[in-house]
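We call the chains A, B, C and D, going by the order they appear; numbering starts again at 1 in every chain.
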Amino acid sequence: MKIKIRYFASLRDIVEQSEEWLTVPDNAYIADVRTLLLERYPRLQPIMDRSVNAVNHSYVPAETELHDGDEVVFIPPTGGGC
Amino acid sequence: MKIKIRYFASLRDIVEQSEEWLTVPDNAYIADVRTLLLERYPRLQPIMDRSVNAVNHSYVPAETELHDGDEVVFIPPTGGGC
Amino acid sequence: MEPIIQLTHQPLDRAALVEAVSHPSDGGIVVFEGIVRDNARGKQVHYLEYEVYEEMARQQIAQIIAEAQQRWQIEHVAVAHRFGRLEIGEASVIIVVATPHRSEAFDACRYIIDTLKNTVPIWKKEVATNGEAWVEG
Amino acid sequence: MEPIIQLTHQPLDRAALVEAVSHPSDGGIVVFEGIVRDNARGKQVHYLEYEVYEEMARQQIAQIIAEAQQRWQIEHVAVAHRFGRLEIGEASVIIVVATPHRSEAFDACRYIIDTLKNTVPIWKKEVATNGEAWVEG
């Protein structure tokens, strides 16, 4: 199945793109996507360690099972407000 | 000596004037002025009981000694702000 | 910066007050605005009449601001209070505190309005459909 | 009233936001405004660049407002956040809470900005004289 990854802030700077589609095994977990991305972009490691997971605009734990077409974002520490 | 009394809010409504000069004995205390005013305007009693004393724009205790030309105001409960 | 203290018959100008206290080193501004409500204590309010003992009010407000400045190490403060007749929806008081960090701005702004209500000689007469009365507190 | 949530490239309009949440039954309005400071962590800031994950930010802000509304029984709330490049002195965020009584307005406004900073996917890149960096927290 395919999932969409979007990159923001320092993650986007590192992977040098805003989004991409990834092919992952059916019923993959968020944790699997993390592993896959770190293989592809080893430089993501430090910031990924400090990022939390979001699927379809909600925060979710790493044990969340994914479904075809899901939008996955690893959220680095936020700095909104002021 | 003479002191100036100013009336605000419900006190002004009762005495029907904004200010007046009172002749009081030299070295009179605030407490003496209270007594004098209550003799002159008995209807002030309830609101005076809930009013605090100000002399020359500062809050002062009832035992404050007055001087010629002082401005005395009995401050009913305030309602500024909103 | 000298704090701004305004006691006026004119409508209060929020934008001008914020502008006046803003400073490039401040990261947070808290504004409190007191507004004439259409109801109070179960009554339908028609309008309010604010009265002020101006010389003393100015002095008391300056003192409250000085206390807040000392307690929260803040610099940029404005307090404006309107008097005379105010209609529903109009602002009776505006307090603006600008600080490098927001926590102090919230604390100082709240302290100033709470203390102002208790100690500054300003009175409010509520004119309601069923009569008028000086409001205590 | 539906809360107002604004995520925009345009300068924030404080007066319009206050106007939009004001209601005749409200006696107090608290406004918090986050401003771009000229310095941070000992650096001279040149400008800031805010980035937002818009769909999720909107949803998170709605959730924060809903929590605040439930907790303090408040109705009238607006939250606006700007993104893109912001110069020193410009507002990055404006939060407006109008309530019948001021205490709830202060508490709710502060809760919203504190929670927003922690949980809403908005990021800030500081462009200083000696380089640029994403700011965490």
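Everything that follows uses one rule, which is that a contact is a pair of C-beta atoms (placed from the backbone, for glycine too) under 8 Å apart; a residue touches a chain by one contact, two chains touch by 3 or more.
Keep in mind that this is a model prediction, so the values were computed, not measured.
Asks: Note down the smallest number of touching-chain steps it takes to go from subunit A to subunit B.
Replies: Steps on the shortest route: 2.
Asks: Across the interfaces B-C and A-C, which one involves more C-beta pairs in contact?
Replies: By the number of C-beta pairs in contact, the winner is B-C.
Asks: Averaging only over C-alpha atoms, locate the centres of subunit A and subunit D and give their separation in whole Å.
Replies: Whole-Å distance between the two chain centres: 26.
Asks: Measuring centre to centre with CA averages, how many angstrom lie between subunit A and subunit C?
Replies: The computed centroid separation for subunit A versus subunit C comes out at 48 Å.
Asks: Give the residues of subunit D that touch two or more other chains, as numbers and ranges in rising order.
Replies: 27-28, 34-37, 102, 113
Asks: Quick check on subunit B: which residues sit in contact with 2+ other chains?
Replies: Counting only residues that touch two or more other chains, subunit B contributes 82.
Asks: Considering only which chains touch which, how would you classify the arrangement: line, ring, star, complete or other?
Replies: Topology of touching chains reads as other, fitting no named class.
Asks: Can you give me every chain pair that touches, using the contact definition above?
Replies: Taking the chains two at a time, the touching pairs are A-C, A-D, B-C, B-D, C-D.
Asks: Going by the contact rule set out above, which residues of subunit C touch subunit D in the complex?
Replies: Touching subunit D from subunit C are residues 14-15, 18, 22, 24-39, 88-89, 98, 100, 102, 105-106, 109-110, 113.
Asks: Hey, which residues of subunit B end up touching subunit C in the complex?
Replies: 6, 8-10, 13, 50, 54, 57-59, 73, 75-82
Asks: How about subunit D: which of its residues touch subunit A in the complex?
Replies: Counting only subunit D, the residues touching subunit A are 34-37, 50-53, 55-57, 59, 81, 92-93, 113, 116-125, 134-137.
Asks: Within the complex, which stretch of subunit A touches subunit C?
Replies: Residue list for subunit A touching subunit C: 82.
Asks: Could you pull out which subunit D residues touch subunit B in their complex?
Replies: 27-28, 102
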